[in-house]
Structure formats: structure tokens, C-alpha cells
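Below, each structure is written out as C-alpha cells.
Heads up, the next two complexes both have chain A, just with different partners, chain B and then chain C.
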Partner chain A sequence: MRPATPEASLPKGFTAPPIPRRHPTRRPDWLAAYLFLAPAAAVFAAFIAYPLVDGVLTSFTSNVVGRNGQFIGFANFATLLADPHFARAAMNSLFLTSGVVAIKLVVGLACAVLLAQKMPARGLIRALVFLPWAVPGLIAGLSWKWIFDEQAGVLSYLVQALGLTDQPVYWLSDPKIAMFSIGIAMVWHGLPFFTMMFLAALTAIPGDLNEAAAIDGAGPIRRFFAVTLPQMKEVIFVTVMLSAIWTFNSFHMVFILTGGGPAMRTHILPTLAYDYGITQSQLGLGAAVLVSVIPVFFILIMLLTRRMLASKQ
Partner chain B sequence: MVKSWSELLVGRIVTTIGVAIALFWSLAPIYWIVVTSLKTSREIYAIPPTLLPARATLQNFNTALFNSKFPQFVMNSATVAVSVTLISAVIGALAAYPIARMQFKGRGVTARAIVMAYLLPPSLLFIPLFVVLQNLGLINTKTGLVLAYLTFTVPFCTWMLIGYFRTIPIELDEAAKVDGATRLQTLLKVVLPIAKPGLAVVALFAFTHAWNEFLYALVFVHSNDTKTFTAGLTGLIMGDTFIWGQLMASSVIAIAPILVIYIIAQRYIVEGLAAGSVKG
Partner chain C sequence: MAEVVLNEVVKTYGDIYAVNHVSLTVADGEFVALVGPSGCGKTTTLSLIAGLNEISGGEIHIGGRLVNDLDPKDRDIAMVFQNYALYPNKTVFKNLAFPLQMRKLAKAEIERKVLSAAKVLDITHLLERKPRELSGGQQQRVALGRALVRDPRVFLMDEPLSNLDAKLRVQMRTELKRFHQDLEATVVYVTHDQLEAVTMADKMAVMHGGFLQQYDSPKNVFDNPVNMFVASFVGSPAMSLVPLEAVSHGSDVALRSPEGWELPLSPQNARKALGATSNQVVLGARHSTVKLHSAQTPGAVPGVVYTVEPTGDITFVQVFLGTSVVIVSLDPSVTVHPDQKVWIEFDQDKIHLFDGATELALAAV
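So, the complex of A and B:
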């Protein structure tokens, strides 16, 4: 890369012509690069990589808040394997994530197609439909908690006024219904992200293929599945994966809506980790809950990283 | 494309109904927050619930603003969010530049580490981060909370800015180099001024994230001088009693700055989302 020094190519006895003074920018580029990266690397090392390793180590100890315990091997994991709350939280996490992401995918596609149509005040309508995304997650949770309120909530009133049932509905205190209620709130908050991503992809698709298919006599529904959808594969993949990671970790929704109750039956893994690690001060056990899902996330993140890097090259 | 008259009509009707449902679904819960915040506590619990407040009152806002700790929590939130935004924009721009522009050993690994750090969900990190901050004596400090938020905002800003920097023609950097500019001068005087819109969007997202964040705030800070509004609001929830009027009024106050930003910058936000796949 760097040219051979002038001396090397000259016969003995000749003195090389004076080498022009090195330009400041001719200093090795990598030094500047590393200096630029240093602050980010410091944050990464101290507050991401180190805690991650420390978390894994903590999960093998009996540490509690404010006092170090001792190394206890796989005892925390053995405890969790025998713990019905852990099994239930894992199942809840799985069903909630897959259900909510599936609904957001289907409804998000429909919304994107809808908002891509010509209509008056389209910009305003889009902004209003995207609005839930701008609401802080905690406040979205509080708002739904109030809607689901079993005494004075508007939803309980509505289902009784419409004659759907004359029994009170325990939106949040019946564990079976509560998981659905949590799911509804999560869909409300997360749907605009899908719609926005899909809408951006839809508008980027050139129209000619679609028109050609129309001329060949394909109806609008057929065109959507045969022409439009295949071109959105990449966006759909990235959106679903991102959303799966974040939905799995919607700590705030469960924490606000049910707090994991009644009788710990609506916990998801992050709220269970909070309950064990922070509320009950058993840091080791809490960390073990989190560490148990790291392998799953590792695979998801690796898959997604490859796609995201490829799309930016 | 030629469509038959009936096909157009059906399309119109379906679209109109669809838009009506989508608008109702998106806006009804937000409307309910606002309406509840304007009701008296007696009316809040009235059955049937009233669609409009019978006598709108600002009592709840009055209590939230002048008779509670909420303004202090909002100030704490602002301090933390502004610090996080500034720090992560600077660190992010510094880190994004070499990855977008320079050749050095380990570039691929660095880019990969940044994406992975960005994708790592905060809820996997909160217990070990709690331990780290505790060892540093930074639990229950705003500094600790800012550091915790950097774990998300720095990878995020870096990742987004790499994309923005790549859209700037590299010839500009080369011209600056010929003129004798150092890499730092090139970044500050050539690249950043052009990337300003991108930088603004990135800063906005970092601010929003720090402003809205709940889990870290709940775990890492607990006194009145350090609590952000998200942690503060949960303080209004006492056991099973919820002070709904005050909660909803506080919520309206806390959403307001974000909604103003969102409405002003809506177009850029949607573009930014599509470009970098932002946390939802």
C-alpha cells in the first residue's frame, strides 16, 4: 500500500532527494480512527460488555442486593427449572410475543395498504394513526389500565351496555383474560411501527410491475400477494425480528397492567426477573432468569445483525 | 389503469370504513386520557362514563403542577434527557465517522458490535447494570441514569449516523484532505454541517428514548431529586388505588413535549424510522 521508500530503489552512493515533510493527514489513518472510536468503545466496554459478563457470573452466585454471596454453580438455574412461576412466565413470554407480533404483522400490512390509498388529508390521517407510537410506553400502559378498570373503566361499561355480557369482566384480574388485555395494549402501542415501516416500503416499490400484472388481468388481492408482498420480504423480516425482540421485553406493559399478578400468573420473564432480583433482592436468581434467555436473543440478534449490516453496505 | 365504476366505489367505501376504524383505534385511548384529566374525581367514577366532561375542570392539572412533586420529576427527566442527547450525539458522530469513511483494522467487527449493542434489549441488562452502578456508587444519581441510557443511545446514534454519513459524497472529504484538513477538522467543518438534518433526527430519537424510558428509571433512581417523571408517576399508584385524575393530567403534561416534537418533525421521523429501524 505505502510506496517503497525512495532509498531502496536507488543505487548505493546516491543520496535520496529530501523527502517532503509529512503532511499531517498522512499520519496513519487507523490512529485517528481508534481515537474517534475510543469514547464509544469505553461506553461499550464499561456499561454493555462488562455488565453482560458480570450478569452471567452473578447468575452463578447467591448474591443479594448490598451483599455478595458465594459461587453456587448451577443452583439458581436448578431452582428456576423446578419453579412453576418461571415455566409459566416463559410460556407467557412466548405466547404473548408470537401472538402480538403476528397480529401486528397482519394488521400492520392492512393499515399500510389502506394509508397508501389516495384520500383527502392523507398526511394528517397518517400522522394521527401513527400517534400511539409517540406516546411513552408507561403512559400507554396507564391509559389502558384505566380503560380496563373493572369498576369504573369504560370498557366494562361498554360490554355491559351493549348487552354482550351481564357479568362483570375481570380484564386484568382473571389471569386468562389478563394476558389478552396485555396483548391488546401492546398491539395498540406497537402497531404504528409496523405500519410506518410497511408504508415506507410500499411507497418505494415501483408501480410498473403492479400495472403489468393488472393488465394481465390479476385482481387487486392477487396482485398484493403475488407482486407487492414478495418485494417487501426484507422489510417484513427486519420489522418482525426487531419487534419480536422489543415485544418480548415490554416490561412496562405487564408491570403497569397486572404487575405479574394475580398470584404471579401473568408474569413475563423480564418482570419475573425484576420481581426476584429487585423486589425480593435475590440478584443471583434474577440474573439467572435473564441469562436463561440470552441464547435465544443471541440467535435473533445474530440473524438480524447480518441483515442490517448487509442493507447498509 | 382503468377501473370499473363499481370497483372504484367499493374501494372508496372500504377505504373510508378502514380509515375510520384505524383513527378510532389509534385516538380513542389518547382521547380518554385527555378527557379523564379534565373531569372532577366524582365524574371520573360516574356510571355511565361521560364522553365529554359535564363541567371541565383544571383541578387535576392544578394539583399536578402546584401541589405535587411532578414538576420536579419533569425537570429531572429534562436534565437527564438533554444530557443523554448531547453526549450520545457527540460520541455517536465521532464513532460513526471512521466506520463510514476510514480504513482500519477491525472496522467490520466494530460495525457488528454497534448493531448488536443497539439490538440488545435493556431488560436483559438491568440487573447487571444495577450491580455495576451500585459498585460505582452511582445508584440513585442522575449521572448513573445518564450512563445507563448511553448503553442504548450511543449504539443507536452511531448506527443511524453511519447511514447519514454514507449519503455524503466522499469527494468532499478528499478535497478537505488535499486542503490539509485533519480528520477531526473534516468531520467538524465538512461532514457534520451537511449531516445536520440527520443529526437532528438522531438527537430527537435519543431525547425521546431517554424521556420515555421506564425500566432503568424504576430500578436505578428512587429519591425525589433523581426520579424522572416515568418513575415518579408510578409513585402516584398506591397499592390498588389509582388517583386517575391526577395521573391522567400528569400524563398529558408529560406527553405534550413529545407530541409537539413529533408533529413538527413527523416527516423526518418517518424517514428516519425507515432508514434505521428505530426502537418502537
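So, the complex of A and C:
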């Protein structure tokens, strides 16, 4: 770095060499920079910014499918505030997201620790554990719908074969059970992401830290909490935040398994929005459902990006 | 402090012997360097002593106790790692306190021991910092401190200086040596840098290919290398090795080069050369024992200067004798230039002779 006043730091009688000037006709750097950014900016504008703005605007209208309504201010939001289905869907979203993420966190951590051990056929076992992640959401949803089928499903068969009950279990049509069933399917599908992230983080911890702790007298459990977990802090935070956003937004599992039923008892906010906006044609109301959660996402994403940027430094 | 005894220690990975029947004794209070090139088994040997690696065969005793089946924490050792292995989420104080907490010492006792170790290592002002806020040299001291607070029977050190810059390394080398002298600690020290071993250790164990090649004081290893590997590994620049053929002329013996010149041997060296399993004999000479002549001299053999490397107080000259290179050290005032024809004179009392087939040093019979 050149000091602020070059001459001041030089011995007497010396002059600093001139700072090289840019050629005056040279095109400024920012022009090239914006040129390179343009394609990404165009895609962002067309597929993210425009739909978002349009969605927010729609939430203030009485638009229905096929016909534009009028600007009605916050009327849609007022409707939602008084709507028991909205309140239930919001609670469902909250409990489903927190429950599913918490289970994925604990089980994913355990899986990662197990998979990090030396064992025969480790590569094969890892591949099998990661397999659900490769299954498209739609296929996963349909498969679980079969598994949960009251008449022909394997789960009902197993429960009855084991003698746990002689009644059919209404996995998806009993509203008390359906949310749990949905949760199981979502954990199954999302667990590999947690395991992968945690396994990568585990492998990146320098081995000598654990060795040092072993020599210092820490047993395996103490080493896990004193050495391993603190080293994984950042990865755990990012994984949980990302997964919370994805799980909250996840539409397909609920849509396929219950469609929000029975009696709209298993709706989460994305499926409720679809139900209002598309099935019942009230576009404005459907949009309002989703716009109402934007502040929540805004906070989550702010936390996430701030943490990710901080850990880079 | 305690004595460490390795008895026929073996570590295998499948068919590969990482450590091959190594036996050595580190006396109480001794500083022993395990030295050798990468993959020679020195670090594996250290981790066997620490108990971080399971031993495949043989016995390890620390302070008269067989430790083969003991966990690292029960061996009463402390280890300093190459990358320091400081707990990144703990302050320096907590790093030092951790091994003591694990031993369930009282809080006041822990604080007293940490502070006294910090004082010894001059890191008292760093106690509240996290490792990432420290320089390499400071981290090194903290790592040493964490070993020190334990008051262990043996210090194990795995290349502790290799991550420091050259200047700091020399400085820390001096401090480590002083540390050893003040504590009268038993130290087993792994390094690939033979200079570190020579300057710090009471004894050095030269390893190669899993085998212990030679275990002796640095001076003896330097003066009497047992084989060509040790000869070429210890010393900087390395000992020059020239493969030759022993020929007899009546009762006289000489070494003949492929180029045709002959080097007559003294009677003692002649007896050594005749003890070889074949007539293939390798001549070894350290740079300081070789003389360079610019004109033909009786007893000197012809060569050609390849490079001249001035280092300030000594100039090293590499001379091609046929296809082998001999390194000669000269006073910087002497001028030689590349491609100059020169004559090299070996000191019969200081040359080393090795069996060309077995690579072992030849002894007078």
C-alpha cells in the first residue's frame, strides 16, 4: 500500500514516482461490469422481481381468475385475519416447519456422525442414505401416498400384522394424524441434505483437534460437545435456516398427500394460497396469503445472509 | 519425567509396514528426535507412543509401565501438534485449562497452573484471546503451554516448528531447547529437518521405510553414518557419494572410476574396501574434508566444475567426477568458474566407504 502522503515517508531528497494514470480514452470498468451482470439481472427481473411485485399488487385487488377486479386496499388481509382456515394453516406451517427441521437436525447429526465412522461398505451405505434426496418431490409424494393408503398401504398392513391395532389407521384422513404423516414424509425427503452438509462439516474438522482433546483427557461425548459441535456451528446454522425456508415453502408434499383436507384441516399457507387463488378463483385473496408471510421470510433471509457474509471474513 | 522404551514396535496397514520392528530407549530427561523423509514412519511411531494409533505388534513402556492398551489420556503424555490443534472456539486461557478441567482439578488450582505456565511461555497478555487472533509463533507457545500445564511424564512433539517462517523457526528452536533444559523433560520430537534434529536433540533416531536406521548422538550419526541413506540424509549439504570399483595391485588397493582414474587407498581404508561383498565400493566425503586444486596434484583425481554457489562465508562448488557430483566448500576469496577443470583431493582419514551392494558402511576388519 502506498502511504497517504508518499513524500512524507521518503528520505530527504527523494521524490515518489508518479502514480500511473489511466488512459483517458479507456472505457470505465463499471460499464463492463454491468454488461456481465445484465443477463442475470434480466432473468431476475422477469422471473423473480416481476412476479413478486405483481403478486403483491394482486393481493390488494379483488382479482379473480379470468377477470380483473378493483383495488380494495387491505380488505383481503382483513378477511384473512378473521379467517379460521388461515389461522389454522399458519399454525400448521409453523408447527410442521419447526418440527420437521428439528427432527432433521437431530437425526441428520446422528446420521452424519455414524457415517463418518470407519465401517465396511461405507461408500455404499452413504449412497443409500443420500438416495431420497435424488428422488423428485412428486415421486416421493406419490410413493408416500401409497405407503399411507388406508386399505392397500404397507404401513397399515404392518401395523395390523404386528398386532398393534385391528382397526385401519387413517394416516391421511384423520386430521389428528395427517400432519404427523406429512411430517414423516418430509423428514424422509429432506434428511439427506442435513446428513450431507453435516458429514462434509465433520470431515473438514482437522483430525488433530480430536486427537489433542483425547490426549487432554476428553471422552468421546465430551469431545463431540467441546470440539466437534463448535466447529460445526456455522454449517448447522446455515443448514437449519435454508431448510426452514424450503420446508415452510414446500407445497408438493401436503398438496399430494392430503390436498389440505379433510375439511381444510391440514392446509399449510402455500396450499391454502393455491386453494383460494386457483381452486376457488380468488386470486387476490390467494396472493394475500403468500404476501402475509413475506416479512417472516425477510427476517429469515436477512439473518442467513448476514451470517453467511460474516463467516466469509 | 519418565523413560520411554520401544520394543520391536510394529504398525502395519494391510501388507504395508509403516513401522517395522523399531526398538529404542529414550532415557529420562532426554531429548530424542525422530527424523527421516516423508513417509518414513516417524509420525506413525509418535502416534503409537501417544496411543492415537493402535499398535500392531511389540511393546511400548512409559515410565516402566506397559501402555499398549492404555487410552491416550491414561498415558500421562502431552502432545504438541504441527498445526497446533488449539481449540478454535476457546480462549487461550480455556485452551490451557481444558486438560486440567478434564482431570477435575479445583478451579483455583487450574487458574494457578495456567497462569504459571503462561508466565513461563510469556503469553500472559494473550490469555483472553482466541487462537485465530494470534500469530503463528504465539499459537505455538500456547500449544506448548497446553502441553506444559499437564505436567506430563513425556512431551511428544510432531513437527512443531514446520509451520513457522524461517526466522521464527530458528528462534523457537533455541527456546524449545532451553525449555527442555529447564524442565529436564523427556521429549520425543518428530521432524523431517535434520538440522533441527542435530541442533536440539541429545539423540537422533534416523528412520527410513519404516525401519530405524541409526540411533545415536547427532555427532556420532554425523561422523559415523551406518549406511548410505543416513550418510546422505544427515548433514547439509549432503555427503557426496561416488560409486567406484575396488582394484588390487599386489598388496595395494585403489578405487577405480569408470573414467579410468584411480584413487590409492591408505592401508586402513584398503582393509575396509576388501571387506565389501563385491568390488563395488561407494566413496563418501563431506564437503569440508575435500580439497580443490586448480592444477594436477599427486593423489588428486580430475573433475569439472558444474556450479558455484556462494553463501557468504562459504562457497559451495559442485564438481562432476565422471557422472557423480562431489560438493566442495571453499573460502569465498577463491575464484572458480563453471566448466573449469579441477583436481579433487580426499582426506584418507575422513572419507567413508560403503558396500556398493548392501549400502552399509564398511568397517576396518
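Going forward, the second predicted complex is superposed on the first by the 282 of 313 C-alpha atoms of A that agree within 3 Å, B and C clash if a C-alpha of one lies under 4 Å from a C-alpha of the other, contacts with A are read in each partner's own complex, and residues count from 1 in each chain.
The rule we apply is simple: contacts are C-beta pairs under 8 Å (C-beta built on N, C-alpha and C of every residue); 3 or more make two chains touch, one makes a residue touch a chain.
Quick caveat: nothing in here was measured; it's all calculated off a predicted structure.
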{"item": "Touching partner for A:245 - first (chain B), second (chain C), both, neither", "value": "first"}
{"item": "Partner chain in contact with A:87 - chain B first, chain C second, else both or neither", "value": "neither"}
{"item": "More chain A residues in contact - chain B or chain C", "value": "B"}
{"item": "Partner chain(s) touched by A:152 [first = chain B, second = chain C, both, neither]", "value": "first"}
{"item": "Contacts of A:45 with chain B and chain C, given as first, second, both or neither", "value": "neither"}
{"item": "Touching partner for A:211 - first (chain B), second (chain C), both, neither", "value": "both"}
{"item": "Chain B and chain C footprints on chain A, overlapping residues", "value": "211, 214"}
{"item": "Sites on chain A touched by chain C in the complex", "value": "206, 208-209, 211-218, 222, 226-227, 230-231, 233"}
{"item": "Chain B-facing residues of chain A, complex", "value": "23-25, 29-30, 32-34, 36-37, 39-41, 43-44, 46-48, 50-52, 54-55, 58, 63, 65-66, 110-111, 114-115, 117, 119, 125-140, 142-147, 149, 151-152, 154, 157, 161, 188-190, 192-193, 196-197, 199-201, 211, 214, 238-239, 242-243, 245-246, 248-249, 251-252, 255-256, 270, 273-274, 277-278, 283, 286-287, 290, 293-294, 297, 300-302, 304-305, 308-309, 312"}
{"item": "Residue ranges of chain B touching chain A (in the complex, touch as defined)", "value": "1, 11, 15, 18-19, 22-23, 25-27, 29-30, 32-33, 36, 44-49, 90-92, 94-95, 97-99, 102-105, 107, 110-117, 119-132, 134, 147-148, 150-151, 154-155, 158, 162-163, 166, 177, 180-184, 187, 208, 211-212, 214-215, 218-219, 230, 233-234, 242, 244, 247-248, 251, 254-255, 258-259, 262-263, 266, 270-271, 273-274, 277, 279-280"}
{"item": "Touching residues (chain side chain C, partner chain A) in the complex", "value": "47, 50, 52, 71-73, 77-79, 81-83, 85, 87-89, 98-99, 102-103, 146, 150"}
